[in-house]
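Read from first to last, the chains carry the letters A, B, C and D; within each, the first residue is number 1.
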Amino acid sequence: MTPIEVNVERVSGDEGGGRRHPNTCPNCRSHFRDDELRHSLRVCAQCNHHFAVGAMERIEQLLDPGSFVEVGGDLRAADPLAFVDLKPYTDRLLDAELATGLGDSLVAGSGKIVGRPTAVAVMDFAFMGGSMGSVMGERFCLAADLAVARRMPLISVTASGGARMQENILALMQMAKTVGAIDSLREVGVPYISVLAHPTTGGVIASFASLGDVVVAEPGALLSFAGPRVVEQTTGEKTAPDFGRSESNLRLGQLDAVVPRRELRGELAKLLMLFSPAEDEPTGDNEPLPTVGSDDNPIDRVLGMFGLGRKRG
Amino acid sequence: MTPIEVNVERVSGDEGGGRRHPNTCPNCRSHFRDDELRHSLRVCAQCNHHFAVGAMERIEQLLDPGSFVEVGGDLRAADPLAFVDLKPYTDRLLDAELATGLGDSLVAGSGKIVGRPTAVAVMDFAFMGGSMGSVMGERFCLAADLAVARRMPLISVTASGGARMQENILALMQMAKTVGAIDSLREVGVPYISVLAHPTTGGVIASFASLGDVVVAEPGALLSFAGPRVVEQTTGEKTAPDFGRSESNLRLGQLDAVVPRRELRGELAKLLMLFSPAEDEPTGDNEPLPTVGSDDNPIDRVLGMFGLGRKRG
Amino acid sequence: MVRVSDEVRRLRKRFEARAEESQIWDAVQLARHPDRPYTLDYAERLFSDAFELRGDRAFSDDEALITMLARYHGQTVVAIGHQKGRDLAERTRRMFGMPHPEGYRKAIRAVELAERFGYPILTFVDTPGAYPGVNAEERGQAGMIARSVLAFCQASVPIVATVIGEGGSGGALAIAVADRVQMQENAIYSVISPEGCAAILWKDAGQAKKAAYAFRPTARACLDLGVIDTIVDEPSGGAHADLDASARLLDTALRLSLAEAEAIAPAHRRALRRAKFRAMGVWGVADEPTNQDF
Amino acid sequence: MVRVSDEVRRLRKRFEARAEESQIWDAVQLARHPDRPYTLDYAERLFSDAFELRGDRAFSDDEALITMLARYHGQTVVAIGHQKGRDLAERTRRMFGMPHPEGYRKAIRAVELAERFGYPILTFVDTPGAYPGVNAEERGQAGMIARSVLAFCQASVPIVATVIGEGGSGGALAIAVADRVQMQENAIYSVISPEGCAAILWKDAGQAKKAAYAFRPTARACLDLGVIDTIVDEPSGGAHADLDASARLLDTALRLSLAEAEAIAPAHRRALRRAKFRAMGVWGVADEPTNQDF
């Protein structure tokens, strides 16, 4: 559905162009049963390749069991442009919903991670390439609303080829709308953690997904505004094999960390703890604190004028 | 007095090492009488080379005649470390004062440019290489104090080899102190215009001088943290002839403009006008303004909820 | 079963009914006309004084996007606009109006300056898009666009954006979040170029005309969809036919939009601007409220 | 005739009187000792949890300067510190603790994060200086140091800076503007390295010892001059002799300094921090108040 989708296929290693089974590792060709993959968090046991994870399964992986409550689940795209290309937009939507069981490319709600409440917004690349339209934008904002209302952090997990062309300018405006949601979080001091999964490109990475107070990515994910094929076709430049990948982005200053999927829940739990209010702690070993010394130095008098003292520890 | 001073000599074109007369152009070797140079704003009439300008002469060039009032003119360096290298610091200070007629490397005060009041802080490279010590820092802060008190802009003109080693840590602290002065301007919304003259390096460019709301430089000025010789000696890298020059800095995003000295007063006047409050203006040609149209579109109702309307011009 | 509001049905009908195909393609071509006035052409005619603010204070001065302090009807404003360039040398220097991250970083700097002194911001949108090159990507094109959008969201000063030519995708939106958004009559605003859309959805860039008709990048469609507030008239034949007349028409609309933006209480401006964009989008409501496998 | 205050005369006398030359040179060597604990050594021992924040969101992740979210005695803080690196590979990767502009941009990002959530900032200063290379210069080393100093000035959250090794010039100061500034007993803090000073003033880098004695980069001198608030004791033999003991001593001082910084009303913190640095510097008053040729 998006310019990036095509490149994503290429980047995921399927150079031969042949149709591969979704449970066959595109990297090492190992094949897994679906329950095996689900059990391994959809990480290849042989080569550590990270398979795509659907939104609902991602929520299962990350949240405490039974803690998730969805918001905006009943929203559906409305085709305001009456858009038809080779196929009507409404048909594409129906196909996507039938294929994924989802109403759009993002699932929003709230839940808990190791007991700490959090709002969540999780994308699903299988729904029209994780494209960003009106419903995705509104659902993301509903998750942010929850975060603001309950003063709990927001965590997003993104996987997107970019904006949904079938909604054209309204799709573009979802960039402004979702960034506005981040602004509302910042206004009240609610933390936002952005997790970038393969691929996060186009309008999604050029809006909310880049604005996390902390931004982490899964290994090997393609994270770029324009995909490698668009870059090559438009500018004639060659792209390196690691173009736009998580590891390059870390080196280039765009990420706080690359976190393997097996560690993701743990790292998010740690961040939720760090972003939580101070705890009373037992006062360690009770060593006596040094006293504030006095000094005959004249500077003290100047500092004293401003209510500032000096001491020797 | 500073690591940069040496490089400055080299950059100003005096490669031969021979002692040249200060009124001989280091670029084209034209020689001028002092009154000629003063009349041409110390710009070479042959090749446009910008000679150094002393602080008091710079003030004459820029401010309306007779408008300058100095502050902090009685402050003098106090040698707290009782610093002696090959020569005592106190001797160096005395030599510098005798040579320049100035009490330190910066002259502060207020004045007018084309009738608009402004605070000014002007450096003089001839005073110990324009080095930054306690007096320079305090004088700069006094100029900022004036700007805050009278809600008038601050203009600085810098020329400095960096911090004054003879005051060591106190010299370093002038970076924090002068940046604090900029912070006080920002707190009340008073504009600060920084003019960088040859050379502005070290602690001066790494503090207040880089923080202008607008930053302009004279042509060909060396503007860098480390001078070219320090870079070459420390890292073994070669520096290009245009290393750190105004023109490179403009290209590299560090400057708003390179302004020839002859245009400087005019550009500053324009900026003071732009930074001054709105004026009532005669209402042009009085063409009728378009009326706010109404539209049957439902979006209007949604926008109406937020007090927002739309119109067709 | 999805319930869709009557409003959306009415919108759809309107779009289906209009035989505006040729009109849309005319706009695409006029928006890209080589003689179309650019940001600097308007700056010359609208501002009595101007001082260009250059550089991102980090990497370079990106000439595809210009920022300036300027005097507009007696008050100081910060102007931000894409600049395509007129002849080949200038076009190359200005990358055909396609900014690198440095351009957006310069825009953010200008927004911060405006915010510091309470100056209104006027933006002029005219870009095929952000530059899609390797270096631009490596220096964080996506993140910088996001940060620019955020800077425009966070500002409390009045902002008026005008799409004066091509409003191309995220590279346009980066400077187009405003209290009032205007489009010139023949400007276009879209999430991808007609050619790009055609290449992907029709597998044939030659179908650009068909794509343009399907996704309607016109001012009229943007107004109908609630994305812009005002359509700014152009001289007959298009903005390039008479630059002075075009500037006068823009001036008239701009003054009114700016007055409206200034009329909003500063303390509410940020929240209202957010609410304005929050309202953008249309959707229906499904009978089954949740996802299937949940 | 210049009148100098009695205080300055007393300071001078104290410095002239002390036969501390060898003591000063010991500090220079201990501050640079290859086994001296670095920021990460303290982070490990002082923080119960930590998450490193990497990257400047513009160009790279500069490993010469590290930033993290960390839990310190039950509360979340933002930690910022230079990191020299222990073996040759790490030293090279971390540029011997000499940041590029990207490092300072990362520090600014960390300050903004702390400010957004009200977290105190703890900095650990340990650098020979900002990296003096062509690329660093071209990407705006000077301006970024200035902006970092400004970010620290503008923050309203409590800030405590500790010089734990070499406090080298502007590259150190960039993260050392704080409500409370501490120095470890054998740390040094100076506007230039002793070698650099000697090379310029004595025309002989070999005179570093003489230069160090003349410009006194020691904690004691910094305390006497009003530049720091606290000297943090080290284990006998120096901080490297017992990392755990050194961390415990630092912890004790840090808790107290942080408590003091936290005791300042947030609304006054910025102005008081500014006033604290404004007070730094000593000068006399001349009888003739103005310049000669004026």
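One rule holds in what follows: a residue touches a chain if its C-beta (ideal position, glycine included) is under 8 Å from a C-beta of that chain, and two chains touch if they have at least 3 such contacts.
The structure presented is a predicted model; accordingly, all values stated were derived computationally and were not measured.
Chains touching both chain B and chain C: D.
Chain A and chain B have Cα centroids lying 44 Å from one another. Chain A and chain C have CA centres that are 27 Å apart.
With touch defined as above, residues shared between interfaces to two or more other chains in chain A number as follows: 186, 210, 252-254.
In chain C, 5, 11, 57-59, 139-140, 143, 147, 225 are the positions where the chain touches two or more neighbouring chains simultaneously.
Taken as a contact graph, the chains fit none of the simple arrangements: neither line, ring, star nor complete graph.
Remark: the chains found to touch one another pair up as A-C, A-D, B-C, B-D, C-D. On the side of chain C, the complex with chain B involves touching residues 5, 7, 10-11, 49, 51-62, 69-71, 73-76, 102, 106, 113, 116-118, 182, 223-226, 228-233, 248-249, 252-253, 255-257, 260, 264, 272, 275-276, 279.
Only residues 57-59, 101, 105, 139-140, 143-144, 147 of chain D touch chain C when the two sit together in their complex. Taken in their complex, chain D has these residues touching chain B: 2, 4-5, 8, 11-12, 15-16, 130, 132-134, 136-143, 145-147, 149-150, 153-154, 169-170, 173, 176-177, 189-192, 196-197, 199-203, 211, 214-217, 221-222, 225, 227, 270, 273-274, 277-278, 280-294. Chain contact summary for the complex, chain A toward chain D: residues 186, 189, 191, 210, 213-214, 250-257, 267, 270-271, 273-276, 278-281, 284, 287, 289-290, 295, 297-300, 302-303, 305-313. Chain contact summary for the complex, chain B toward chain D: residues 1-3, 55-56, 70, 73-86, 101-103, 107, 133-135, 137-138, 141, 163-177, 179-184, 186-187, 201-203, 205-211, 223-226, 230-231, 234-235, 237, 239, 243-244, 248, 252-254.
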